[in-house]
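You will see subunit A twice below: alongside subunit B first, and alongside subunit C after that.
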Partner chain A sequence: MSSRKPDTDGVSVSLIKGKARHRAPFLFLLPALLVVFAVLIFPIVFSFFVSGFNWPLSEGAGTRKFVGLGNYLALSVDPEFWNSLKLQLGFIFIAIPIELLFGFAAALLLNREFFGARLVRSLLLLPVFFLPILSGMTWRFMLQPRYGPLNALLLKLGAPEITWLGRPVTAYAAIIVQDIWRMWPFMFMLLYAGLTSIPQELNEAAEIDGAGFWLKLRSITIPMLTPTIMTAVLLRIIDALRVFSEVYVMTEGGPGSSTTLFSLYTHRQAFGYQKVGMASAMAIFLLCISIAFALTLVRKNMSLDSLEEKAGGG
Partner chain B sequence: MKKAYIALVLALALVAGLSAQTINVLFWDDAYPRTLMERIPEFEKATGIKVNFEILQPPQVFTKTSVSVTKERTDYDLVCVDEGNIPLFASLMLPYDQWAPGKVFKKVDPNTVTPAMLDVAQWDGKLIGLPINGNLYVWMTRKDLVENPKYKADFKAQYGYELTVPQTFQQLLDTGSFFQKNGIVSGGFGPFNGGPAGVFGEAIFMYESYGTHFIEWQGGKPVLVVDKAKAIQGMDVYKKLMAISPKGAETMAHVERQAAFCADPKGVFSQFIWPAQIASYEDPDKSLVAGKILYSAPPAGPFGRYAVRGTWAVNIPTASKNRDAAAEFVYWWASKDIASWLVEKNTVPARTDALTDPKFAKSKPWLAAIAESMKYAAARPRFKEVAQVQDIVKKYWIMGITGQMPTDQATQKIIDETNDVLKKAGY
Partner chain C sequence: MKRRTRKAFISLIIAIAAFAILAIELYPIAITVINGFRRDIVILSGQPFKLSQLTLRSYQMVLKNIGFQLGMKNSIIIGLLSTGISVLIGAMASYGIARFRFSWRNGLAYSFLVFRMLPQISLVIALYLMFSYVGIRDTIGGITLAHTSFNVPYVIWLLLPFFTAVDKAYEEAAMVDGCNRYGVFFRIFLPIVAPGLVVAAVFAFLNSWNEFLYALILTGVNAKTAPIAINGLLGGETLTWGQACAAGTLMLVPVFFFTLGMQKFLIRGITAGGVKG
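For the complex of A and B:
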């Protein structure tokens, strides 16, 4: 004999169906969330965990020991740590504005059609495709005092030879110049793409109103390009915070500690001194810096509200 | 029938492939292991043991060994360890007396290794592996310059004594200055200012030559024993040598030194060399001075001659599952036959009988110099935190010798910061 289910059961079924419906989006998202957790969240959490330990790279170097915030405290009194941070930030604040300036100027110049424009634009991008390690090696040999072409040129001009990578100031300048050479086309690439997306009508209307080049630049181009500029700067900052191989092959951090950037010092802690816990603490510190940069740039310059304000103001 | 036959052949091939023993070997990259590779197929044929080898630059060998070898597991059955890192890895390696006897090749008697090198693989009273090459400072001087009658006469007229291979640092300064200041060479001396381990070697070389050790083991721990006045003296002399070095001496590593000595038409007058690199310096395709080099023991300071050692040992990780096969490979590598062949190929193994074989005396003039240098072999201090100390020494040594910091201040910094590292390490 079959019996009909009571009404209360019907309510339960619909409740269950309702809950299942609510769960469905999460179930669909679950694979993606798992991947994000595995490749992004877990390494960060694990690094944070390791940073709480005296964790030698090799078992032969000793045993793992929990030290709490000991590594962070040790870093806070380590002059090499602060020196590397200062050098890294200096690298960013010198190289990136110059790259931005070069990239922007080139984008403005090449944002027009002429014979061979496509070829010129493509060729300009070549340095970006250089492997950083090859770029570092090439610059190292170019700056070599006896055999490098740069010193050969100086000698021909009657100037004295310079040991570019042998002096702290010139070595630091050299790694910055190398980065500018390799990465300014990246800025150009993004800014050129941004420029081409600015509606031509705006410029035409401004021209009818009598606006000249500088006025158009100040009132139309730069405001319209701000999100692109901020994206480019943010990407470059994140990239520059991780710069390693090119500096490693150019100077190995020397002479002295004059080019030991944050990333080089982190590498040295982990693979030279066998202090993985200390290196992890530095990595967490670097992550915090990256997040701070990202939040500052995104919040202040890339929010929809500010864009609308700028568009309205413009 | 044909299908069944093919299947049988494939199955047999698979079984044969699976049953062949394979060992993974981690080599450091220089002419010596690269030369050895030519003969590895012979070993494989003789023993049926397949050798998978990986060859990396020394810093990468260090990193790979650090992460790939533990007490419980290892990716390699045989690793090469630079002598400075023996303390770090000793607890993970099988002592030599526990290596199995060979099945095809006879277990090598450690006493066949040159005494100056045997110490390299010793730690805590045990022999951890086997020293495999005979690397220590040997001095090289341009024969074509030092034997030139005109230069000999001019030098004697100027300095009042015979122009010869420099026997002391003062002679090195005199001869180097003579050739450099007269525009005959680009550099009177070729310094090494590359990686931290190498610069540390140069500092120890000068400290020892001027009468002071740097760090000594006392009461089971490393203690800084450097005599500041003598250390400054050593640094001051090196600073003077820097003044007669080629342009770019501040950053000269092995590549730049070789280019300056061998590829520059003027070249460098005198410098040290690791014997492992002699093959490149004597290769007429790569070197303008092949056959024009005189080899000797390093010049002496007021406290005698010192030749810094930089030898590699081969070690079997305790966790290896192929210990016997790995040992067999070392017995083959360290055998008289292979060692003699390696000498023939201008490389330098650690076996006394191969290095002193009279048949090489004439064709390999550096062997006599190596034997002479071995009398003065000096090790760089060895302890687990040596990498940190090397960085400190490199930083302030280069600042001192290049005039970026007065030598007394640079030496004081080395002392203070090294003490700090030792203190933090709990010694």
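For the complex of A and C:
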């Protein structure tokens, strides 16, 4: 990681800084660095190492053998790998825009005072903090044939019941609906915070000029919210890339491979097929993608600098 | 006058719409809680709103379930341990970043932020091999260490805004009085930022409490956590929705308690450094 030039020159020389210059901050950072090295950096390096081997999980599953880039090449011709990647991308590209849309609409709707507004705004966030495995569990229950609430409702309306989690297409739709249900309030939370920070004078000035709802939306709200939207979407992508527990509890990747998202296939490679080398190659692949998105987010926000500006100003 | 009635009318419509959305949105959570109090026979009868014959049987069963007892106990121990360690280590590191100037400071701070966003599936396979080799797989210590791995970077970034907001004058005064760096940190600085530490501790605990993948791979019979026990309840061929939902509701208690109590810090808590300001 390249370190950026610290902007020490701009900061006034305080007593603390005068002393601090001679004392290394090293001792304060040492414990965190040790943890990061032991359980983050080392495992990454080790994964990379393992990904170069034909590495069976247990003794009985074969012998360990160096294969170089063999695992990566094997993945590139593995239809299951491409399937999991396709499902993962579909998951991201379907769920996140809908979450954004719902969140944005709700933020616009609820950005005013009415009876119970505060209560609604805070209770809406509960699903975001709902345990992922419980989300998987409750949706598995909701979609059960015969007694699941959704099918019970369908039967009452005279419609035929559907074994939602028993068919590939509906099961895939179900895990996406589950994610939308759980995470659109997250979008709402960030966008609502963004909306309330738009200066009221802007909207008032536009109203005096006779601007209607859509014009205000297009020329004030959306441009002002764009940075927030970008951040929210990036956070959601990074989060959606590592979806596991909800889907594991809900469908275990089935039926067949129809909901085997990337992390579920990685898990299956390692602990189902016992091919740790292949799984590690997948792990490294996903890691590279995640780091790319994380770096984009970090670079875009530059939180450290803005934190100091705020502290300096206050 | 007419304008006012119209405004009140619109406001009423919006309130109704908002509560309708809320009701639909919270139904899947409500049904989990309700199922915990319903008899299995009622659950399986397919009447999603029926509330008769409520009972505490599922709670009695699940609280007597040895696997869930162990999982709950482990979850609490692991949560508290990893929270304590992460807040201590994270606070020290966060202080180091907030108060010192060194050449790799920015790079380091941003690396912690990136580390927080790594997918667990990418790390868990290597951790499994490492922990097996060292012999700490399926131990409380091992899974605590694994939870510390995501909580330390998380706490560092959650605390930074609290730490940079503290006026340096307090520390300067203490140093003039002859206090050293570490005395300043532990005796002057930490008490000032205590509210921030509480926020960090609450969210770190929830991270650990909700965690599933590491527990699934890195624990077995001894150190399994409550989410693993709940997953076990769902696994068998006999459907025990009542017990699974009762267990789930018990797990939800601290989550709801904390999230509703932490309203002001929810955005910071869930994005920790990912959002400007």
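Heads up, the rule we're going with is that the second predicted complex is superposed on the first by the 242 of 314 C-alpha atoms of A that agree within 3 Å, B and C clash if a C-alpha of one lies under 4 Å from a C-alpha of the other, contacts with A are read in each partner's own complex, and residues count from 1 in each chain.
We adopt the following convention: contacts are C-beta pairs under 8 Å (C-beta built on N, C-alpha and C of every residue); 3 or more make two chains touch, one makes a residue touch a chain.
What you are looking at is a predicted structure, and each value in this text was computed from that prediction instead of being measured.
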Checklist entry - Where does A:E59 make contact in the superposed view: on subunit B (first), on subunit C (second), on both, or on neither? => result first
Next on the checklist: Between subunit B and subunit C, whom does A:A292 touch in the aligned arrangement: first, second, both, or neither?
Outcome noted: neither
Checklist entry - Looking at the overlay, what does A:L215 touch: subunit B (first), subunit C (second), both, or neither? => result neither
Next on the checklist: Between subunit B and subunit C, whom does A:R146 touch in the aligned arrangement: first, second, both, or neither?
Outcome noted: both
Next on the checklist: With both complexes overlaid on chain A, does A:Q274 touch subunit B (first), subunit C (second), both or neither?
Outcome noted: first
Checklist entry - Between subunit B (first) and subunit C (second), which does A:P255 come into contact with in this model arrangement: first, second, both, or neither? => result first
Item to check | Superposed model, subunit A: greater residue contact from subunit B or subunit C | outcome: C
Checklist entry - Which partner does A:S245 reach: the first (subunit B), the second (subunit C), both, or neither? => result second
Next on the checklist: Let me test your reading of the model: by the given contact rule, A:F115 touches which partner, first (subunit B), second (subunit C), both or neither?
Outcome noted: second
Checklist entry - Following superposition on chain A, which residues of subunit A contact subunit B and also contact subunit C? => result 146-147, 151, 271
Next on the checklist: Could you list, by residue number, the parts of subunit B that touch subunit A in their complex?
Outcome noted: 59, 62-63, 65-67, 69-71, 88-92, 186, 195-196, 246-251, 256, 259-260, 264, 384-385, 387-388, 391, 394-396, 398-399, 402, 404
Next on the checklist: For a test of understanding, state which residues of subunit A touch subunit B in their complex under the given definition.
Outcome noted: 57-62, 144-147, 151, 161, 163, 165-168, 251-252, 254-257, 268, 271-274
Checklist entry - Okay, in this complex, where on subunit A does subunit C touch? => result 1-4, 6, 8, 11, 14-17, 19-21, 23-25, 27-29, 31-33, 35-36, 38-40, 42-44, 46-47, 50, 106, 109-110, 112-117, 120, 122-135, 137-142, 146-149, 151-153, 155, 181, 185-186, 189-190, 193, 227, 231, 234-235, 238, 241-242, 244-245, 248-249, 262-263, 266-267, 270-271, 276, 279-280, 283-284, 286-287, 290-291, 293-295, 297-298, 301-304, 306-308, 310-311, 314
Item to check | In the complex, subunit C residues that touch subunit A | outcome: 11-12, 14-15, 17-19, 21-22, 25-29, 31-32, 35, 43-48, 88-90, 92-93, 95-97, 99-115, 117-123, 125-130, 145-146, 148-149, 152-153, 156-157, 160-161, 164-165, 168, 171-172, 175-176, 181-182, 185, 206, 209-210, 212-213, 216-217, 227, 230-231, 234, 241, 244-245, 248, 251-252, 255-256, 259-260, 263, 266-267, 270-271, 273-277
